[in-house]
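Each of the next two complexes has subunit A plus one other chain: subunit B in the first, subunit C in the second.
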Partner chain A sequence: MNGLPGSFAVTTHGLSMRYGRETALAGVELRVPEGAVYVLVGANGAGKSTAMKVLLNLERPEAGRAEVFGLDSVSNGPAVRARIGYIPESHEHDYKWLTAGRLMEHAAVHYPAWDREYAAHLIKTFDVRLPRKVGTLSKGESRRLQFVLALAHRPPLLLLDEPTDGLDPIVRNRTLAQLAEHLADTPTTVVIATHHVAEVESLADHVGVLSEGRLVAQMTRDELRRTVLRYRIEVPEGWQLPRDLRIASVRRSSSGREVQCSTIGEQHDVTARLTATGASVRDVTPLPLEEAALAFLTEEGAR
Partner chain B sequence: MIVNLDSNDGRPLYLQIMDEVRRAVVVGTLRAEDPLPSVRELAAELVVNPRTVSQAYQELEREGFIYVRRGQGTFVSPAVRRGATERRSLALSVAKRALLEARRNGVGVEELVTMIQKLAAKEDE
Partner chain C sequence: MTDVNRRAMPRWRNVVLEQIRIVAFSLRPVALVIAAVLGIGTVLIVGEILGGGPGFDSRDTFPTALFSFLVPFAVWRADRPFGPAFLWTLPVDRRRLALARVFAGGLWLIAVLALFVSWLLSLTLLARVSPMQTLARVPLIEAVATYLLGSALVLGLRHPLRWLLGAAGVFLLMGGVSQALEPYYGVSTLLGSRALYLAAQHTWAVWKTPPGFSQWAISASLSLGTGLAALWLAASRHKEN
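Right, the complex of A and B next:
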């Protein structure tokens, strides 16, 4: 846990999995540095949830392996799980017949690191009603209970699968603020799988993009900001996009004189290539996290 | 001090936070020896990664703008006045944004400066 600087909370090596004929993961090499807030982006079925389940040893990979703080996820399953706070995609709890309070008691016994004082604080913040039966909770209340359970033992790794799903906008903001506060108090690595990238944009410092089970990009937020850019250019008549550019999206003005394209590549390099073809670059802007991450998914079909 | 972040601003969040602190000093809502919010407080308030706030504070500390008193928190440096240096770095950042916007609209530098002066003269009337 008190790893050396530059060590990883999560690594996977050639991780591969299939559900029947469907490829869930194909040779995935995750590298999540300790202390990172790592956002995993991808379409439905891209493998985000499966990757998390493998880390928790809830799914067995067909090939490859996963390590959490250097511990193998299969051979050290219980030790790995003890270090993880997990919010599953599903809002359903096991032990539906228990009250929220009893479920909390179980968790307190289960996790040696359970912090009762902090748990009480979280119960208040998330407005969890302890006498309620877990099976009768609304989607939102169920999610809030899951947050308390995930945070109260201050695990060194949080795996959050669609964490804001089911939360109304006010509760969502309060939840993310609580998460920011948690990160300030407790050294934590966070992996967030989400379709709502904009919601967690201000927390994220690393990004991974999954497409049909393959990890097609993995980098820091800064690197993403530097390498995925939108160019607005003025072009001569009959101008064609240079073939060697990695284009994520293109829009042309009706007159054909103005083109806007998002590209993957270093700015000086892209600018030089555009200029060499007679285009003049009017404006270069970085993209919001979500758009920048999606660039790696639209790259192939953009032209 | 009230810090506002703009999600449409392409700059990294730590730079935006730095500018907001500078702005507060220049306009006088933050003065020498005033305490800054803790990293934890500001991170929760803005819903940003605490590391981002730390980075902004570290840069400001390196510039001598703020200082850390052990166990007590972060404060605005006593030497900081609404003085020339602070005004300059803030003006620089405003100018950069204006220039960027001008380029985006195909407006030349001289054109931009003339127009700003005209506009300001009008408002002063």
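Right, the complex of A and C next:
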């Protein structure tokens, strides 16, 4: 690891894991560039949280390995965790009888990089009430406290598991704005696991799609915007979709002569294939990030 | 970019001190119950002494070993040793952190036992009974040993309470089988809990009798050694690699 541009903050090599008979991860090869905001998309149970736990060495993979800034997550567990700010999927805090303030003191002891001034700023911004017992916090308050705990030591890597879950729209926007401010202030790599991509769309620059433990796509946002497109086409009577196209969704007009389909593939290639079948392409538009990412999950059932 | 190569790690001394502080929070409800029990006990005993009664029976034995065995359940009540606990997300080697937590709990246990012994001594002086005879009935070493065993149980088993209840159930069942097979003594000894029962009775008798120094030293080494070995094995289930 050298911290040079182009190096990776997170890499996994053939990461595989099962919970009983359920496959949690199957040969996952994550590549998260340093400084990226990488959104890991997938349905519930796709393996997003498990991948994060493996990075923290909270779960041991059956095969493969993970590296954080070049450090093996198993043999350098403490050093890896010192570089990570983590927001777990659950809002629940373990030490329910502690006050929010005392829990922060507890965390501060373990992170020499803890920035007290910045922590005070975050407490104010996230409106965390320090004298309140952690066990009495609402979902939203609890999540905001988790944000303060994760950000206050300015870690070079943030792992955020469903970070906006439990936040009302106003607080969610404020939280994401604060996160954006943090990223502008502190050079950080972020991995966000979510199935609400639209909420973090403004931050994302890389996307990975997990489906049943398999990483089915991994690319930059620009690449995704370039390769997942919606085509509006006019088709002759009895027209059929070309079999070799990767189709995410199809919608036909009532007359059956106009078709809208979302496909995965380079535009010139898809256009050529459609034209070859007698269809004429009227319009091509990029998809919003969420739809584009979900295209990889729906492509198998689209036809 | 921040220099991710140079990320400071927490000082071990600070981690241990913080564990001592955090365990104090965890044990607060237990401490309140103990304070209430000792308070009520003091009122009753002192009342009886002032009324001319004996107040205090120096042949009493104290369940400090059982109490100490249960303390780890309070020490670890917030954490899930086999789950994604907050504790395990901290940048400290997990086995060392687990041992630091056990050490912190042990320290508080010793403090409570010291307080209990002082309380007992004060009452023996008030009741004019032999303090040494009374103290001999407080199994302090065993208290530490059972604390270590209890900690090993909580740290080493995913469902310690189920194991405990299961073990108690098996013991009772074996007792029943043993009684049913009473005429066939050999079989019942083999299958039943007679041997265990006899061993337990013998151990209890040894505990009740003030031992000689060598006996005490052997017994202390054995019980503490077993506790430490069990704890090491249990903590090793949480090692990083």
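Couple of notes before you dig in:
The rule is short, and it goes like this: the second predicted complex is superposed on the first by the 301 of 303 C-alpha atoms of A that agree within 3 Å, B and C clash if a C-alpha of one lies under 4 Å from a C-alpha of the other, contacts with A are read in each partner's own complex, and residues count from 1 in each chain.
Convention: a residue touches a chain if its C-beta (ideal position, glycine included) is under 8 Å from a C-beta of that chain, and two chains touch if they have at least 3 such contacts.
Keep in mind that what you see is a predicted model, and the values were worked out from it rather than measured.
In this superposed model built on subunit A, subunit B and subunit C occupy separate space and fit side by side. Of the two partner chains placed by the overlay, neither subunit B nor subunit C lies in contact with A:R31. By the touch criterion defined above, A:Y86 lies against subunit C but remains apart from subunit B after alignment on the C-alpha atoms of chain A. Once the two complexes are overlaid on the shared chain, A:R65 sits clear of subunit B and of subunit C alike.
Among subunit B and subunit C, the chain that touches a larger number of residues in subunit A is C. Once the two complexes are overlaid on the shared chain, A:H110 sits against subunit C while remaining clear of subunit B.
By the touch criterion stated above, A:N57 is placed in contact with subunit C alone, subunit B being left untouched. In the overlay built on the shared chain, the residue A:H121 is in contact with neither subunit B nor subunit C. Once chain A of one complex is fitted onto chain A of the other, the partner contacts of A:P187 are limited to subunit C, with no touch recorded for subunit B. Note on the superposed arrangement: subunit B and subunit C approach each other to a least C-alpha distance of 13 Å. Across the superposed pair, subunit B and subunit C both touch subunit A at residues 35.
Across the interface of their complex, subunit A is touched by residues 5, 7, 10, 12-13, 39-40, 43-52, 103-104, 106 of subunit B. Note for the complex: subunit C touches subunit A at residues 1-5, 7-11, 14-15, 18, 22, 25-26, 28, 78-80, 84-94, 240-241. Residues 1, 3, 9, 34-35, 53, 56-59, 69, 74-75, 77-79, 81-83, 86, 88, 93-98, 102, 106-107, 109-113, 154, 156-157, 186-188 of subunit A are the ones that touch subunit C when the two sit in their complex. Within the complex formed with subunit B, the residues of subunit A that make contact are 35, 37, 173, 176-178, 180-181, 183-185, 198, 201-205, 222, 225, 232, 282-283, 285-286, 288.
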